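So that we are looking at the same thing, I have put the structure below in structure tokens.
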Amino acid sequence: MNTFDLNLSDDLFTIEGCNADEGEKLLRPHTTFLKDAWRRLRNNKIAIAAMCLLILIALYTLFGTMICGYDPTKMSKEMNQAPSLKHWFGTDKLGRDLFARVSIGGRVSMLIGVVGALITTLFGSIYGSVSAFIGGKVDAIMMRFVEIISSIPYLIVVIMLSLMMNDSGVKSILLALCIVGWCQTARLVRGQVLQLVNSDYVTAARTLGVSNWKIILRHMIPNTMSVIIVNLTFRIPNYIFSEAFLSYVGLGISSPDTSWGSLASAGKENMFFHPYQLFFPALMIALTMLSFTLFGDGLRDALDPKLRR
Amino acid sequence: MLKYILKRILYMFFVLLIVTTITFFLMHFIPGDPLTAMVQKLPEQTKINYYAKYGLDKPVYIQYLVFLKGIFTQGTLGESIRFPGRNVMDVLQKYSGFSSEIGLVAVAIGFVIGVILGTLAALKQNKLPDRVLGVIAILGISVPVYILGTVFQYLFTVKWPLFPTLGWGTPAHKVLPILCMSFAPLATYTRYMRSSVLDVINQDYITMAEAKGLSFSQVVRHHVLRNSILPSLTILGPNVADVFTGSFVIESIFSIPGLGSYYITAVNDRDFPMIIGCAMFYTAIYVLSLLVVDILYVIIDPRIRLAQDK
Amino acid sequence: MPERDTLVSVEHLKQYFPVSHGRILKAVDDVTFSIARGETFGLVGESGCGKSTTGRAILGIHRPTWGRVCYDGKDISRFTRAEKMQFHKKAQMIFQDPYACLDPRMTISSIIREGMDVHFSYSRQEANDKINQLLAQVGLTEDYASRFPHELSGGQRQRIGIARALAVEPEFIVCDEPIAALDVSIQAQVINLLLKVQQERKHGYLFISHDLSMVRHISQHVGVMYLGSMVEMAPSEEIYAHPLHPYTKALFSAIPTPDPDANWASTRIKLSGEVPSPINTPPGCKFCQRCPYATAACHESAPELRDMGTGHEVACHII
Amino acid sequence: MERLLEVKGLHVSFHTYAGDIKAVRGITFGVEKGETLALVGESGCGKSVTAKALMRLFDRTSGEILPGSEITFDGTDVMKLTKKELHAFRGAQIGMIFQDPMTSLDPTMTIGRQVGECLVIHQGLSMKEAQRQAIELLRMVDIPHPEERVKSYPHQLSGGMRQRVVIATALACNPKLIIADEPTTALDVTIQAQVLDLLRDLKQRLGTAIILVTHDLGIVADFSDRIQVMYAGQIVERGTTHEIFKECMHPYTWALLRSIPRDSQKGTTLYSLNGTPPDLLLPITGCPFASRCEYCMPICRQQLPPETDLSQTHRICCWLQHPKAPKVARPAELGGGMNA
């Protein structure tokens, strides 16, 4: 069925051939890796909302006292007042303004969360990459050690350690949390580094004669960075939770410092009569953990090279 | 298979020993000791006799040897200093039953429901149920268990008196505490199960099963569930520890005579034998659950089972 | 073969890997061969025969369990630091998987520069010119320099891998299955590029592949490996014209010929059974269970490589 | 011969956030009973998508068979099957073999149960009875001592063995058509030859039609009766095996055949088709191969060439067949000769 349209003009049929690089022209727009990840993070609405919430909470903890003008430690006669225009979050049993107290409490909790996560992630990453990079017996021993430590219930040890410090200041709580918290990160980073050590582009760098240090700086760190950052965002809420738990059990921050956990535990006593004393610190803890988890999810999807189209 | 289990049990005792050693030595570095809280006023001489009675005056490692001898010979963990005459082992036996009951039931409920909800969320990906379950899961992780406890207590015992506020005994007492404690594991498993089901469902053998003519529910039952449950099993062990730490607080909120509240009071009173006893109990439960998870893993995944026999 | 100017010589190379329960995986089991300067040596065999492990042992990526590798007559494991640096400049490698051989987080130009910065001290401008020249040589335009690997196709990435190796002006390149992961038309592009570059720079190749027709096209000398041992070695025309070892015959007859009239199925030598596991291999010739001509001798002692005259070596008792 | 499968105007596109990837752009073909049809083309040409579309395996993926596509198999209209009918159809009427034997078997299930599963669902056998039949199936695909193999797990078998198990699974319910999606690409040369022999032998014995999807022209040469060459989602040339190998007229088919090294070309530069296949995200005007074709004419870039017949079975989509187009000789190494 040669159904050709015969009245096509002749010049349409002069062979031109094709130039080689026309086929080679790059079709996709040029994006660097970070720009690509940021673009994907940006159009993930939930992650951006979580990030804004986080920034809001951070601002609140830093400037909360200035906004409401109350001194968090100044006692006053207006004890146990419900939230009102005067005291937005109400007052506690000593008449101190709760809005200010939750704000400075937030500072402590966020500090412990962020610093704790940073220290353990840093130490865990170094431990994991060293163990993977050396390999062989050393790697087996280091991993055996991690296995034993991580088979001890995490909070039992934290309770023991915080008892040992006994002055239950921010520093001692942090130390207690960090001594045990790095095992999970170490295992994660070790797996990632092991994959890299055997990858082709690291072997290629070795055959090119690139020194070990340069390989670590140029290849290892950038490629494990995304795993470390995502893990970091999931560790922070974990620490805030642990600190709050310790304070709730009476081992955490003791006065004059305060944290969301100790505020919540103070609010627990007369929870039936003044529920707001417990509600606001609990709300802050939940919101912070919520936003960190959501932001962590968004970050993981954005940085995951597999999802890149 | 048996050889593998024996090896794991030996490993379990090894870990238990290490924990008790660490706890024991940690205890003795804590400034202050049980007597300061209690006996400021007593004359000097009674203090010395008191120390001698509990062997606290001897150097630490000797106390440790005495302690070990106590465990292996008479199977006692020494006497509680805070409440003289009360043997740690009796306390453990009597009260650990309650703690482990609500703890393990909470984990079981959390795991089973979490697996089901996670699979549902994955199969209805990005549709309404997936979104709703996603929110519940996030809330489950974010809201700390003790806050949940107080809120539930307020709602379901004071506002709508469905359950008794405090105490223990009737099954009705158990509902609220178990509900609170199972909410966090439920959330964790929903998220884990959802991501592992999403991985498994894109595998070639699932497309192969569909090409064989299996209906979607058959594909899920025969192939998806078994393969996607494996990763969730691995976090069952550590999750048990998290749930039990939650029980400390829940027991104090609902005043359940479990080991948790005992443990907290012992810690505050620096009651060494009691603290060590409780710590050992919780570590035993935790390491036992790790063992159970390993055995389940070997049963479900033939690759590991056969690797052991070879 | 003294008359050939040997560049790389592998002597009794053994590469054993411990496997669980104390058993040993004999990936490479007593392999000896040599590659002349500027020559392409084809190494063929099915998966699991140890050809990739041999290639990596030559570059010193693994430390051999036994035997040695000599480059320019000197044992590479006894190189001094300076000699090691020189070796890293002279001997390079091209990889099989185009999606894993380039660092996803580095731009194309920094990938190519990495080798140059180690061995040469070019100024920024000199380096950029060199990079553009290399890109042109592998058939890519200059605007690829600022791109990332994930923006390129498989064939383009493989060409960047080649440019990276050429950047340090090597004498010898190990190509580990460079075309296995590519489409037919793209394979031809990469092979033509390798041939063109070889004519220009006169460097040698160890071309590892299971694609027998492509190996025939590119190599002057071919070695056939089975389960870690070299079973036959000869100049390329000689071995393809009349293979001697039963396994080589079966292997060559299994190549599907793209010609419907050749009724390939009937003339093929049908091999029964499967490749046995390389873990604690039985004594004697490794091919004896599947060899149609196996005799008692084959089951007892492993045959040595014997020269049949015209440089055609075979490891078989019955030939 | 009696027509088994009829496909008319098949369009399949994948909805991604970056837009719609039009993987298959309107193809029409048919398969006779007991015939072997080969779909040949490079990666991304839509041959696997076509194979999966025949069984509507896109429910869970982002793929969609656009309305207007017609697939009729042995009288039943596949597009109109309800979910339940579709499940009864798959596996019983059409069996499928996948590319990578390492991942197409469930790692936690014994071989016997996986092979027998099909029998349990379609023929209502008890699992015990199905396992017994599975042993016969495994023997049919030359697996040594099948009685033990039935109880073993996939990770205990080699690649070749596993592919035989996959073939046994596909043949379990004695389907009329087997779709083999690159069945031997992941296998070594000698194992590949064994598996092809097995498929050829089963084809004769059971009389099942086979659709072989592959990129390797060598395999297709003496295995298939008819060949269809695909490029960018369309069939550019189709004909009997002899016509495609000896009398092909489409420049892309020439390029594929010339890329295979022949003994005579030792050491010379191989013919290589430069450029990369078009991005299926973007709409394609004119002939998709225009950007890489040596004989490209202005008309090729403007309009899609209609399909013309070179013989009863040999058809081609190329403007070179237009009476006004210059006569182009087939490349020397393919045996020269002018177009009809």
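Labels for the chains are A, B, C and D, by order of writing; each one numbers its residues from 1.
Just so we're on the same page, a residue touches a chain if its C-beta (ideal position, glycine included) is under 8 Å from a C-beta of that chain, and two chains touch if they have at least 3 such contacts.
In this text the structure is predicted, and so the values were computed from the model without any measurement.
Colleague: Spell out the chains that contact chain B while also contacting chain C.
Modeller: Chains that touch both chain B and chain C, as defined above, are A, D.
Colleague: Name the most central chain, where centre means the mean of Cα atoms.
Modeller: Answer by centroid distance: A.
Colleague: Give the chain pair, either A-B or B-D, that is connected by more C-beta contacts.
Modeller: Of the two interfaces, B-D and A-B, more C-beta pairs touch across A-B.
Colleague: Express in whole angstrom the distance between the two chain centres, defined as the mean CA positions of chain B and chain D.
Modeller: Centre-to-centre distance between chain B and chain D: 54 Å.
Colleague: Taking each chain's centre as the mean of its CA atoms, how far is chain A from chain B in angstrom?
Modeller: One centre to the other, that is 25 Å.
Colleague: On a C-alpha centroid basis, what's the spacing between chain A and chain D, in Å?
Modeller: That pair's centroid distance is 48 Å.
Colleague: Taking each chain's centre as the mean position of its Cα atoms, how many Å separate chain C from chain D?
Modeller: Result: the chain centres lie 32 Å from each other.
Colleague: Provide the list of chain C residues touching at least two other chains, using ranges where the numbers run on.
Modeller: 139, 156
Colleague: For chain B, what residues touch not just one other chain but two or more?
Modeller: There are none in chain B.
Colleague: What positions in chain A touch 2 or more of the other chains?
Modeller: 20, 24
Colleague: Provide the residue numbers of chain A that touch chain B in the complex, in ascending order.
Modeller: Residues 148, 150-157, 159-161, 163-164, 166, 237, 241, 244-245, 248-251, 264, 268, 271-272, 275, 278, 282, 285-287, 289-290, 293-294 of chain A touch chain B in their complex.
Colleague: For a test of understanding, state which residues of chain D touch chain B in their complex under the given definition.
Modeller: By the definition above, chain D touches chain B via 52, 55, 57, 59-60, 83-84, 87-92, 94-96, 98, 100, 103-110, 117-118, 121-122, 153, 155-156, 166, 169, 172-173.
Colleague: Applying the document's contact rule, which stretches of chain A touch chain C when the two form their complex?
Modeller: Per the stated touch rule, the residues are 20-21, 24, 26, 28, 30-33, 199-201, 203-210, 218-219, 222-223, 305, 308.
Colleague: How about chain B: which of its residues touch chain D in the complex?
Modeller: Chain B reaches chain D through residues 201, 203-205, 207-216, 218, 222-223, 226-227, 300-303, 306.
Colleague: Once bound in the complex, which stretches of chain C touch chain D?
Modeller: 46-47, 139, 153, 155-156, 183-185, 187-189, 191-192, 195-196, 210, 212-214, 216-218, 236-237, 240, 250-251, 254-265, 268, 270-271, 274-275
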